[in-house]
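By written order: A, B, C and D. Residues from 1 in each chain.
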Amino acid sequence: MTKIGFIGLGNMGVGMARNIAAKGWPLSVWNRSPSKAESFAGANVAAVKTPAAAADGADFVITMLADDAALEAVTLGSEGLLSRLAPEAVHISMSTVSASCTRTLAAQHAAAGRLFLAAPVFGRPDVAAGAKLWIAAGGAAALVERCRPVLEAMGQGIIHVGEAPDQANVFKLAGNFLIGSMLESLCEAFALLRKHGVDPRPFHELIAKNLFRSPVYENYGNIALSGRYEPPAFRLALGLKDMTLALQAAQESQTPMPVLSAVHGNLLSAVARGLGGLDMPAVIRVVEENAGLGDAESA
Amino acid sequence: MTKIGFIGLGNMGVGMARNIAAKGWPLSVWNRSPSKAESFAGANVAAVKTPAAAADGADFVITMLADDAALEAVTLGSEGLLSRLAPEAVHISMSTVSASCTRTLAAQHAAAGRLFLAAPVFGRPDVAAGAKLWIAAGGAAALVERCRPVLEAMGQGIIHVGEAPDQANVFKLAGNFLIGSMLESLCEAFALLRKHGVDPRPFHELIAKNLFRSPVYENYGNIALSGRYEPPAFRLALGLKDMTLALQAAQESQTPMPVLSAVHGNLLSAVARGLGGLDMPAVIRVVEENAGLGDAESA
Amino acid sequence: MTKIGFIGLGNMGVGMARNIAAKGWPLSVWNRSPSKAESFAGANVAAVKTPAAAADGADFVITMLADDAALEAVTLGSEGLLSRLAPEAVHISMSTVSASCTRTLAAQHAAAGRLFLAAPVFGRPDVAAGAKLWIAAGGAAALVERCRPVLEAMGQGIIHVGEAPDQANVFKLAGNFLIGSMLESLCEAFALLRKHGVDPRPFHELIAKNLFRSPVYENYGNIALSGRYEPPAFRLALGLKDMTLALQAAQESQTPMPVLSAVHGNLLSAVARGLGGLDMPAVIRVVEENAGLGDAESA
Amino acid sequence: MTKIGFIGLGNMGVGMARNIAAKGWPLSVWNRSPSKAESFAGANVAAVKTPAAAADGADFVITMLADDAALEAVTLGSEGLLSRLAPEAVHISMSTVSASCTRTLAAQHAAAGRLFLAAPVFGRPDVAAGAKLWIAAGGAAALVERCRPVLEAMGQGIIHVGEAPDQANVFKLAGNFLIGSMLESLCEAFALLRKHGVDPRPFHELIAKNLFRSPVYENYGNIALSGRYEPPAFRLALGLKDMTLALQAAQESQTPMPVLSAVHGNLLSAVARGLGGLDMPAVIRVVEENAGLGDAESA
């Protein structure tokens, strides 16, 4: 029977791991703070003490972590998963990380004669919990096929982006860039309206529900208009991280992206002003303060 | 019976005027090139020789023109509609024009003791033909109510934006800015993918149909990927005009909008490179050339 | 003997007019607030009551005003100078105004059979007082030659930019853009240093005195580092005006200028935040607040 | 007698090493391509076979290399200088590298109980040859004093930037950013003038010699106007490298720098279009092509 290791039980990982567990497959889970792993253990699920232990005897090891550093630590560290990954097993790397991090990991796996698939995902925690993620896979076609049953346990669709693992990361970052651009643009539009004395609510209603009909406009617009950014569904500092990774991908491929630079600039300012821990639509505060709109207007 | 004058039978105006005519109201139409007006005439529709004649005896005069200059000419010129507009009649100004043009016209109507409503619309020619426009109205609430039956003959929804007519123009420009931002951002994402050797088609499929689900991404993405920009559904030069008007509205209200500046910059470059007559998604050529992608890639 | 009218006794105009008067030429001066003109009157100088009166009998009428609107009012208004300008006389327009304003005025003078030279200047009030201005002249070469003695009374150098008057305005705006760019860039460099805990003073010393050796870096850097922006030598709002006119010139000629857009954006934010009345280097406050630097750091 | 190792005999390093040799100090030189080191050897100068050998018995080891990777390789590699650096000796790191590279090196030296000073320089090859560099030093004050005689052999001035070595790199990058900004701004101004039919040469003359009086404007403007970018005095790709490092320093310190982003964007486009091997002012081609100016205009 397929045996799986799962590393990283954050907001996203916990739902993904639960959907794996629901298949009945034996599952070893590891998390940096052990209590989460222990409380997750159950019938076919064991909490283990190291990333290496999660890889022990596994056919697939899935990683879902916050950033490049965390992923490299659990993979390449002294008790990292790569030290115990079996020759036929596959490391499925699902975090949103940089293309260069993925290239490093892919090279290390190749050097060790081990298999590696990049498979970052689109979707928020509730989507992960509902096994409705969209998964962008980067690697050899045959490898994607081997992993398909595991991926299908977590998602509603799998896109094979290309043969090079880091192509999947660029695909994911391009998508997150569009989210960032939609949010920043919406905030700029709201600020423009407010500066002309126009209530942005009917505008939001029109474009989100009728004209452009995107859930991104609807959800983020609701939050930006509410003025309530806590608790954060997606921390602004993570949004800045995504735009920074996208800029790096643009830099390394020599792709000028002026809208991305503009979006990144205002998110960077938001973090510099201490808003990094708030929900991402709090970037509207930067847009409004730059326009001389006081706190009253955004309340 | 309500008598209406209609000025401007372009791609948009012709559909709107047809929906007015379908109500059975007596209608006088004027167009700069008379042949269009003559071929439009019918049972309850008369082609007239001047804008002033279209206003003669009308309860409502609707204008739908290409830009500030055209609107000012038909309104304030020596044979302009204002010279013949009756005291109780209303000039409904539906063009996408600058906020400052609308302020000028509103002031001139007020000085002449005449009524003026700004009512720009959202929708392409097929939407206009189907009477499914969204209409943003700027003016006194009572005036909007008086005009409502006429507006409802052309649209599926009317948003009362504010008491000042120019607020409706800002509302419209804010919407068009979002379209421009979505298009430019999509082109940047496509270029980033291509520079990493990734086919942008599955990306487009995912974000347009599943993730962000907006007809803007779907339609514009299809055109940008097709490489066919003729005949233009919406000329790129008109897209630049909209961004320029939005920048003016941002300038006069002191609202920094960095994404708008970036979008405007690339559309300006597109026009400077001679692409102004193509369909608006041709801006992808600028994005790709700036990234060193040759013609082959965009074909 | 050459008779001259001078309109506009602001910070710049007063020094320029004084240098004209020092030549002994009969001079008629007009200013919006009459007290300035009256206190300026003297041996060969008469204060007059209208712009038209300043043109009466003059060989040259010089205008030096704050903006497009003021220049158009004194030129084209009911008591404007054009109404009384003699057929052989020349209107020398020295204000920093938009290229389109100059085109309008040039056309009106041509239509009236009158002569018009655009001749905007580089230099601050002390430079004007010292007759050391640099003057950019736009008009026919023969016309520039005719005006040369008058221009030489005010400046140390005259550049004949081109035959079209508005070319001189673009020349002037391009120069002011460079000043704005140097200032904004210096502020960005200072903020970067401060965020890394580095005192910007030795940096300023090095680049202003030794490396790049420009009085712009030296003067503006001193003010930006002093934290004292009052009284303003050159109001920030006027700096924004110049960048806005430059953007208009870029727009009408289809020239994307991304650095100009960035400089304009931060000056616009400065005015939106209420800093328009301070000296122009106060834009550093926007740069620093966007970087999360509090007031303490800039003191 | 002071014994010195020198690593990196590129355009800059060769002049710096010659000035060290001229002091009569015993000098060991290493270069990646050995022929340069061999032809450099002389009375008191020996060519050595590894970076480690250059450190052997040296009181000071100076590195002057192209980028982060080269510097890390000669320092930390298996035959790197750190392996043989004596406890009292100092590694003086003079390359233009990233702040993070310097932090890594400083930490490695500290861990090994060795001394490290960051001392990047301002000046082109002729300035280096003339011992007229400006040197920004980052490290403990006492360490700067110890190194002063060595630094003074190469430069005309030493600025002690701060206690942390990476502060010197930020200082250097801030300076290079100003150069990049001046160049890009000048190109934008030239393009604006050309699009209005104005010859940029008198403009350049005025601002470089009279108004803003900076050698940066003078030298770069001459090259940009000449249309001759080969052989390169400073390769455009290196200019992009500097802007990229400055952006990284801005990112890590959370400092939005919109002008830097704009300058970086056009240099990135220049490299993407294949201009990276030309002299840096070739960026004017990007500015002009974006404005629709063909090759004829820039010739």
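Everything that follows uses one rule, which is that contacts are C-beta pairs under 8 Å (C-beta built on N, C-alpha and C of every residue); 3 or more make two chains touch, one makes a residue touch a chain.
All values reported here derive from a predicted model rather than from experimental measurement.
> Which chain pair is joined by more contacting C-beta pairs, C-D or B-C?
C-D
> Could the interface between the copies chain A and chain B be described as same, meaning over half of its residue numbers are common to both, or is it different?
Same: most residue numbers at the chain A-chain B interface appear in both copies.
> Report, in whole Å, the distance between the mean C-alpha point of chain A and the mean C-alpha point of chain C.
From the centre of chain A to the centre of chain C is 52 Å.
> How many angstrom between the C-alpha centroids of chain D and chain C?
Roughly 38 Å separates the two chain centres.
> Could you pull out the residues of chain D that touch at least 2 other chains?
Only 250, 254-256, 258, 261-262, 265-266, 269, 271-272, 290-292 qualify.
> Which residues of chain A touch chain D once you look at their complex with the stated criterion?
So the residues of chain A touching chain D come out as 244, 250-251, 254-256, 258, 261-262, 264-266, 268-269, 271-272.
> Help me check something: in the complex, which residues belonging to chain B touch chain A?
Residues 99, 122, 134, 157, 159, 161-162, 164, 166-167, 170-171, 173-175, 177-179, 181-182, 184-186, 188-189, 191-193, 195-199, 202-203, 206-207, 210-217, 246, 249-250, 253-263, 265-266, 287, 290-292 of chain B touch chain A in their complex.
> Which of the residues in chain B come into contact with chain D in the complex?
Touch list, chain B to chain D: 258, 269, 271-274, 286, 289-292.
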